[in-house]
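Please read the structure below before turning to the comments.
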Amino acid sequence: MTDTAPQSPAPVVDMRGTSVEFPGVKALTDVDFRLFPGEVHALMGENGAGKSTLIKALTGVHTPAAGEIHLNGSPVAFTGPGQAQDAGISTVYQEVNLCGNLSVAENILLGREPRRFGRAGWIDGRRTRARAAELLARIGLSIDPGSTLASHPIAVQQLVAITRALAVDARVLVLDEPTSSLDTDEVAELFRIMRVLREEGVAILFVSHFLDQVYEISDRMTVLRNGALVGEYRTGELSRIDLVSAMLGRAAGTLAEVERRVERHVPGTEAVVRADGLGRKGAIEPFDIEVRAGEVVGLAGLLGSGRTEMARLLYGADRPDTGTLSVDGAQVRVRGPRSLIARGVVFSSEDRKAEGLVADLTIRDNIVLAMQAARGWARPLPRRTVDALVAEYVEKLDIRPANPDAVVGTLSGGNQQKVLLARWLATKPRLLILDEPTRGIDVGAKAQIQKVVADLAADGMAVLFISAELEEVVRVSDRVVVLRDRRKVAELTGGDISVDRVMSMIAGHGVDPVDPLPEAVDA
Amino acid sequence: ACGGGGGGGSANPGGGAGGQDDGKLVMGFAQVGAESGWRTANTKSVQESATAAGVELKFSDAQQKQENQLKAIRSFIQQKVDVIAFSPVVETGWDAVLLEAKRANIPVILTDRAVDSEDDTLYETFLGSDFVEEGKKAGQWLVDNTQGAVNVVELQGTTGAAPAIDRKEGFESVIAARPDIKIVATQSGDFTRAGGKQVMEAFLKSNPDIDVVYAHNDDMGLGAIEAIKAAGKKPGTDIKIITVDAVKDGMTALANGEINFIVECNPLLGPQLMELAKKVVAGEEVPKRVVTEETTFTQEQAKAALPERKY
Amino acid sequence: MPSRAGVSRLVWPLAALVALIALNAVFTPSFLTLRIQDGHLFGSLVDILRNGAPTLLIALGMTLVIATRGIDLSVGAVAAIAAAVTCVHIAGGGSAIVGMVLALALCVLLGLWNGFLVTVLGIQPIIATLVLMTAGRGLAMLITEGQIITVNNDLFSQIGAGFLVLPIAILISLAALVGVALLTRRTALGMLIEAVGVNPEASRLAGVRSRTIVWTVYVFVALCAGVAGLMLASNVNSADANNLGLWIEMDAILAVVIGGTSLAGGRYSLLGTLLGALVIQTLTTTVYTIGVPTNVTLVFKAVVVIAVCLLQSPRAAGLLRGRASRPSTPDSAEVSAP
Amino acid sequence: MTSPSRTSRVPQRFLPVIATFVVFIATFGTGSIRYEGFASGQVVANLFIDNAHLIVLAVGMTFVILTGGIDLSVGSVVALSSMIAAAGLQAGWPAWLAVLASLAAGSALGLLMGLVIHHFQVQPFIVTLAGMFLARGLCFLISVESVSIKDKTFRAAATGSFELPGDVVVTYSVVIALLVVAVGAYVLHLTRFGRTVYAVGGSESSARLMGLATGRAKVGVYVISGFCSGLGGLLFSLYMLSGYGLHGVGMELDVIAAVVIGGTLLAGGVGYVVGSLAGVLVLGTVQTLISFDGTLTSWWTKIVIGVLLLAFIVLQRLIVRRREQ
């Protein structure tokens, strides 16, 4: 391996021979990692490669079984994240690790609240809020700092977590998939700040599965595979294809192939689900929508534009105030998700930790949960059916570890997302609503999932697809519905669908506001 | 509390709190609780004799908590009753509230259990049994009716409760005269049948030759009888049983020969209490200590007394 | 079959049980002897099984309630009500069967009531069941008018004190245990209960009928409490509304917790609950058998309970295995439910 | 630059507490109409006097429950504290030593339990249950009988009182209890320790990843609860003028009920000490209503307590629901 280190000073972080073990799993084996001041260093690898584990070993969450960690040349052995923080390492961990019961401001400044009269004084609530508002403004987030964190969608929570990490003057900033739920605008904002920090000499460790982002921001990268080091590279010297094959450990010929939209026959005409003037006060204005069999409808919009709200109404997760919802032409009285699941409408939430997975249960239980719930407890799925089903999806989505008895909470973030997807795919629904289904999923698997979605649609399933990644929406959708400020503003079909068109719709240019279905007016 | 829900429902007959000027004597009575059959009989006796004597009774149940009893007495003082009577949950800690009553010129009568106050002007009189004496009576019967080495097991009341402590003390003080009477095991059965049975079961297995059971109340004795029967022995014959209280179930067992001796602890204090209350309010002199009329029962006496037993 | 939550954790309650029994055997050599008397087994071990049966039965229901993140404080009062209804019925000349059926039907109603408060009104379980804990005992006393109702009924006395070689009470409890184990593990009920306990919102969105499930477990625990009440009353042939099943809710919860089920809901272990209930009953019997002085009893119990749970804890297990193994904390970050 | 609109959020979070107070006042009003002499200032004052110890315990318990834990030992520690004070005074200790010993015993037991809970990861329920056995057991080791307090200082503190306008008399205990509420609120809301307590209750793993001293907070709350139990025990011994191993049996349930009625979530992370104060007042009012009635038999007393409790929580729940929509 060539030396890729910048000429400049010695590394801030130097991890040598790091190994981490969990009962039955070797998550990291003998990994070396160096991080220099003034660089953005991308840590790359498939889902479960050990990226988050490396970060947790560095910051004292896990105690490594072997290896040394040097910070500014002197050996350190943190026994908790607090110590790492005190030593100048500021971290955003992969899952949003904040306290939902506290306010946004409290979360941002927890443990470092401004106090009156120095150390001895009490916490200054007003200054806490003011300082939090200031920090939020810096990354362009305008929310009430006094509002409860849990009342915000996962993307906003992610931004708050980033804000918290930026609130201290750290020498090392660690960002584990900070952009997984963010829109282009937010990502741009974050990168702007990262660049400023880089100029100031801060060392930044960045994890993302978006190759574009990695190539845009990083200076060097380290690639992990199966818990072992593959190599350390300068970004400019490693082509995408080479990167992907380094991550996957095989030639990446498949990549280009799956990145293309899969051709299908024409979607059917009869609507699986149809909403007329469906709306909920404070969440989303009344809207009309129709999803047909064999069709993939994409939802595009900015953060907070109401995509999730729309999906939740269609699924009965929230109760609508106005409008009607019909499945296969028959009107449905919405009394919670069950009434829609029974009719084949399912929804995979963007917030997998809070609304998706049951962390303490196994992969098997999590996958069959929805099917079993629909059958009722008294009619258990036969063991053989379950095993076959689980094996099928573990293979199809490449869930690792491939052990159906592994507890879901111990899986890597991307693998958790795959388990959630598997649950809903397994129900063979009529309409599949996917809210950020590829959040935190690596390139290979993402392509795989997109292909699965396309195949299902080809088999006649209707799909509603939400993603913050516009390219992805454009790639998979037959039709794109655009939302802005919690209203449906446009609908694009066929040849009209392109990233640029959708972007300009989102931004509020072009036909504004369009209501393609005239009956929506009276709703 | 099942069914409809909501607030209403419960019996709250008649509100009227005042009413002291219609010439009727108003008595506030703060009971310990309803923790045993004995206590319920005691409550019933007080209530019935109040009606019979034309006394208006304000009754409060403390659910076995001293703090509740203190609150109840304070509220009696506030409601300006004519006389306060209560059975203290514990002996200690009454000085302050008794002083308040004294300042408010409300006479106080203690029933059933004493208080440990040094200032005995705080209450007019104490009506009740003498637990130590009860223990002594039980011990005396044992001393008089056995010869040679005797192995006794003791079923104590709730740890820390006054009757448990006193009945143990009285019993031990008398049998000390006979070194060949040995208490081989002693345990708390919490004054309940279930407790008595469980403890006795364990005793029967760990002590091969038990001659006598001394239970601090009938209920534990009745529990012990069940255990003895289950072990294939004959209560009253193979193992002799002495208990305290003389509630109806106990008396029946005594008459049937399953218990050998019962020391009475009379719960029917009502009539005596009403009499004392009237005298106290009228300003008459009453003795500082009135011991309840209590006796002991052998099996023959029980057979004779049983038909007239009220509780 | 009944257990899934880490069999290794059950080693320590089991060890505690064995240690307690060994302690007894040392103090009272006859402790382990069993003999046949009147056609059934007789001995201290049999007593432990018989006296532990009501706690086990209630703990069984409590395990399911706790698995859904709930708790039921009213079981003692419900037991007292069941006992009171049956005994008053029998004492009034009714048949034992009718009395028991009446009592258990009433228990189902009480369970429905608790479930209603928890699921429909959304009141926190501890406080919702506190209502019945307080009022229920009053209800039981109202039925008996504060008297201890003594009954003489052969059929009734079989439930708590009868034998079919082994005590009938423990046979009932074990049958219930096996029944529940089969019911929850052979059907999907167990998994759905755990899902609701770990993450109620995710379960709702997955279409689990969480309300029905939670409601059902409250009815079930009330039914268990009712049967346990019958056992307790039958054992002494009387219903003591004030003292019957007093604090049994604490014993039951303790049994569940010793058995390794977390009060935070989720994974549960019925086998653990069985061990927990036996440990508790053995502890009580030990106090009587080895003659712990009454004023030391509680300290003795405290020491044993603490010893059991310290040994059970992961940290202690690590210490015992020797410091050689690194203290890497398994990361609970992503495991814990939100 | 953004204008954080601080509207309607705060009442939303305070809703359960406010609802508790509303229901409390409503019930009190009902009592005043029903019973003569109920609506006096002294009855309100007595509510505080009679429940001063519960208020102190509830403050400590609030800390524990906010972290998602529970402390079952409080009732027993009250007994132990009263016992230590009484036995100490009987043995001729000066009053300050008895006070100090009681507080130290409570805090030490709390510390012990907290350390076991945190370092051995044993469930709080079981540890504090063992603590409950232990504390009560220690009482009986000191003395099986109740010990009366004859010390002059204690008696003076117990009977001492001062008058508020309107002929209302309150004891020193009330002042201490309210002081504890104030200090509790201060610590919870205006110190970093307090913030950490809330964070641990919200998500312990997140709090740890945020670098907070979660261990210190988790152990700390049990020390606080132990201290409050010790102090509550002292107030209780002033109220009873005795120490006794059977004092405070089942008191832990009253305390937990008060805290939960006051709107604190048993799962942790949500709640206020002021709510707990309201919860204690609610329970006290139920008691007062019962004792003002004076016609209830022992069993009707229990039933009525249950029904009133039910009425309270259902009403509170309905108010919260209505407002949430």
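Chains here go by letter, A, B, C and D, matching the order in which they are written, and residues are numbered from 1 within each.
FYI, a residue touches a chain if its C-beta (ideal position, glycine included) is under 8 Å from a C-beta of that chain, and two chains touch if they have at least 3 such contacts.
Note that the coordinates shown come from a computational prediction; the quantities given were computed from them, not determined experimentally.
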Per mean C-alpha coordinates, the chain lying farthest from subunit D is A
Selected interface, A-D versus A-C, where C-beta contact pairs are more numerous:
A-C
CA centroids of subunit A and subunit B: separation to the nearest Å works out as 71
CA centre of subunit A versus CA centre of subunit D: separation in Å?
44
Taking each chain's centre as the mean of its CA atoms, subunit B sits from subunit C at a distance in Å of 33
Send over the residues of subunit C in touch with two or more other chains.
131-132, 135-136, 139, 141, 145-146, 294-295, 297, 331, 333-336, 338
Give the residues of subunit D touching no fewer than two other chains, as numbers and ranges.
140, 144, 203, 205-206, 208-209, 297-304, 306-307, 310, 314
Where subunit B touches two or more other chains at once, by residue number
1, 33-34, 40, 43, 159
Pairwise, the chains that touch are A-C, A-D, B-C, B-D, C-D
In the complex with subunit C, residue positions of subunit B that touch it:
1-3, 33-37, 39-40, 43, 156, 159, 185-188, 190-194, 197-199, 201-203, 205-206, 208, 219, 222-223, 226, 230-232, 249
Along subunit D, where are the residues that touch subunit B in the complex?
34-37, 42-43, 46, 50, 140, 144-150, 155, 158-159, 236, 239-242, 244-247, 249, 287-288, 290-304, 306-308, 310-311, 314
Within the complex, subunit C is touched by subunit D residues 68, 116, 119-123, 125-127, 129-134, 136-138, 140-141, 144, 203-206, 208-209, 253, 256-257, 260-261, 265-267, 297-307, 309-310, 313-314, 317, 321
Can you list the residues on subunit D that touch subunit A in the complex?
1-2, 4-6, 9-10, 13, 186, 189-192, 195-196, 198-199, 201-203, 205-213, 269-270
Show me the residue ranges of subunit A that touch subunit D in the complex, using the header's touch definition.
61, 80-86, 91, 93, 97-102, 106, 110-111, 113, 122-123, 125, 129, 133-134, 136-137, 142-148, 164
